[in-house]
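What follows is chain A paired twice: with chain B in the first complex and chain C in the second.
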Partner chain A sequence: MRPFHCSAALLSRSDGSVRFKSGSSAVLCSVFGPIEVKIRDEKLDKATVEVVFKCASGQSTTTERLYERIVRETLEASILTALHPRTLIRITLQVLTDDGGILSTALNAAILALVDAGIPLRSLPAAVTCMMDREGVLFLDPTTVEVEGSQSSHVFVFDDAGEGTLANVSTGAFTMDEYTNCYDQCLSAAATLQSLFRSSIEGKVVREYGPI
Partner chain B sequence: MASPSFGDGGSLSAQEVLISRLLDKALRQSRAVDTEGLCIVAGEKVWQLRVDVRVLDHEGNIVDCACIAAVAALLHFRRPDVTVLGDDVTVHTVEERNPIPLSVHHIPICVTFAFFDDGAKQVVDPTLLEEQVQEADMTFVINKHGDVCTLSKAGGVAVTVDQVIHCANIAAAKAEDITALVKEALTKHAPPKTDIV
Partner chain C sequence: MTAAVATRAESSASIALQPSRPVIPGDRIQLALEQPTNAAAVTKVRVGPGLHQERGDLVAVKAGVLHQGPGNRWWIDGTQKRYVPAVGESVIGTIVAKVGEDFRVEIGSAHRATVNYMAFEGASRKNRPNLDVGSLVYCRVTVANKDMEPEVECMDASGRSAGFGELKGGFVLRCSLRMARSLLDPKNPILVRLAEVFSFETAVGLNGRVWVNAESPAQVIAASRAIQAADGAAATDVLKKVNSELRHYARGMEAS
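What follows is the complex of A and B.
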């Protein structure tokens, strides 16, 4: 996996903000919530989750709409929306640089930004991308150049609460064995990510409030 | 992303529309970029230039900030080199030939003032709190030579002519400083000249 880096609390107006960098892919996420919701989007028993995904340059296409939907549905399952009924949680993702694996980078940025904003989550999810190339070699967290030679690519989101996946987007041609292999590799990679997230969040809390 | 009051970009609010229009006047209508230089084959092929501005954080005076960002991006930008032989047009890749910068006539800078005390006092580059209690605002789009491209004062409390001239002088000085800062930053981050192998 490529080395990743995250910096939190960058934006002064946002409730939570994180810049997540995985190799050369970087995404800035800003979270506002719980804030006022438009009457037509209001849900009586839960918070409404809204995701806006902006690519680095150019107009938004259907790909950005697809990513918005994936991020929204994944995070809606993680956020304890019942604790904030009739409110809005707005997650804005801005791609700074795209060097492959942008969906998982964006998901990780969103997760950490939600923690930075203090939005209650069911568990701490983590997203990983992997791909299989034409020779059957598995690449974890591939770059744009590596993705060009891919036969299939898989994005998994795992949480540390239960078994099973929170989200899975697999495209391309792959066998059942290849899929199981990708699943296992991504599961262990996600566990590493989660422990690194935790230590970085703990570090931030200790810096702000003193030792736990 | 900039502030909780800005929506997701579905329909622009009145403030957002005003900012967009001001930026359009500053960048496009001021004819800062030489558009004739973007022509490849007259009447047939031309380069299209697109500037995307994303506001990350709103701590006041988005217009000035966005203008500096857009201007710096235009000066930093390099377009692919093109060879035209009769009807044959070849667009060279970045690896084949060094990309070339845009030809820029002048560098327009936005300088915004906020007025208080029934128009008696003014502040340059208002912060968020100053913007929210201002009685009027005025934006100059001016370059370092002192040429005013746009003067926008849309409503608000009345301001005397002497004040407008006074603000124009301040704006000209600020434009010089900001242009120097932008140029310095660009030289520091200039893309290295790669030699053709």
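What follows is the complex of A and C.
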């Protein structure tokens, strides 16, 4: 997997913000919530989650709308929306640079931004992308160049310690064995990511709180 | 039976409070509980902010430092900027509308709060509070739950003003909720350091708003900037940032 880097609390006006970089792919996520919601979007027993996904340059297309839906449905499962009925949680994702694996980079940015904003979460999920190329070689967290030669591509979002799969987006042609292989590789990569997230978040908590 | 009670009493004396530690969302909390001294009593656990009960477990839902207090109180001290109202908290609000017999108050939560015009000291049907849209008020949250719009009062429970009510002059600054909570302590190092240089008064709203008033605008600015600079800074850097703002203030005083 490519080395990742995240910086939090970058935007002064947002309730939470994170810039997540995986290799050369970088996404900035800003979270507002729980805030006022329009009556037509209001849910009586839950918070409404809204995702806006903006690509680095050019017009937003159906791909961005698809990513918005995937991010929204994944995070709705993770956020404790029942604690804040009739409110809105707005997640804005801005792609800064795109070098492959942008959906999982965006999901990781959104998850960490939600933690930064103090929005209640069931757990700390992690997203991983992998692809199989035409020779059957598995690439974890591929770059744009590597993605050119892909036969199938898979994005997995795993809950804490493999307790469940929150999301899976698989495209292309692949056998069941290839899929299982991708699943296993992504599961262990997600566990590594989660422990790195933990040390990063705990480091920030301790730095701000002071000696415990 | 007697032996069992004796053991429990001993164990409640010897269970030390768990040391505070950082947690992230999803962490299941292993509870080391103080047992009640009355053997027949049910052990109660008081769940505070940041923790959520999931069947028999306590799970952390926010990132922060987990604390255990006496009487089986558990809570998480985390960083957050957005205010979620809770009963009994003192907040600073801005009047945004008059609706019938209520004022609508903006306190920074998802929904605006309401304060009845009778919820001020000495208010009566003939003697309504003289507040306009845009007035600042220091008030106390009386109704706050996830399903209802919050309500506030500008007086304490017995009807006396007790410092609540309109705030005149001064300046309101925005800060994180943790900084606001820490400013409630009059021995807070930031407040102590500022008080060494000039006198000022503050009203701390737990909704992340702090009102500062002092004799000169330069002092108000120095105090606000000191608090804002210290907010979110590493704990070891707080005094450095406050001193840096005080140096600016001192230079400004020399120049004039």
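General observations
Basically, the second predicted complex is superposed on the first by the 208 of 212 C-alpha atoms of A that agree within 3 Å, B and C clash if a C-alpha of one lies under 4 Å from a C-alpha of the other, contacts with A are read in each partner's own complex, and residues count from 1 in each chain.
By our rule, contacts are C-beta pairs under 8 Å (C-beta built on N, C-alpha and C of every residue); 3 or more make two chains touch, one makes a residue touch a chain.
Note that the structure is predicted; figures quoted are calculated from it, not measured.
Per the definitions stated earlier, placing chain B and chain C onto a shared chain A by superposition produces no clash, and the two fit side by side.
Within the superposed three-chain model, A:77 lies out of touch with both chain B and chain C [touch as defined at top].
In the overlay built on the shared chain, the residue A:50 is in contact with chain B alone; chain C does not reach it.
By the document's definition of touching, both partners, chain B and chain C, reach A:35. In the superposition on chain A, A:197 makes contact with chain C only, not with chain B.
Of the two partner chains placed by the overlay, only chain C lies in contact with A:124; chain B stays clear of it.
After overlaying the two complexes on the shared chain, residue contacts for A:92 are found with chain B alone; chain C is out of touch. More residues of chain A lie in contact with C than with the other chain of the pair chain B and chain C. Look at A:208: by the touch rule set out above, it reaches chain C but stays clear of chain B. The superposition of the two structures on chain A yields an angle of 80 degrees at the Cα centre of chain A, opening toward chain B and chain C, reported in steps of 10. Annotation: superposed on chain A, chain B and chain C show a minimal Cα-Cα gap of 10 Å. With the contact threshold set out at the top, residues 32, 35 of chain A are in contact with chain B in one structure and with chain C in the other. On chain B, the positions that touch chain A within their shared complex are 1-4, 8-9, 50, 52, 54, 56-59. Contacts from chain A toward chain B in the complex involve residues 11-14, 28, 30, 32, 35, 50, 52, 54, 57-58, 90, 92, 94. Within the complex, the chain A residues that touch chain C are 9, 15-16, 32-37, 80, 83-88, 115-118, 120-124, 160, 197-198, 201-202, 205-212. By the touch rule above, chain C contacts chain A in their complex via residues 19-22, 24-26, 50, 52, 59, 61-65, 77-82, 84, 110-111, 146-147, 178, 232-236.
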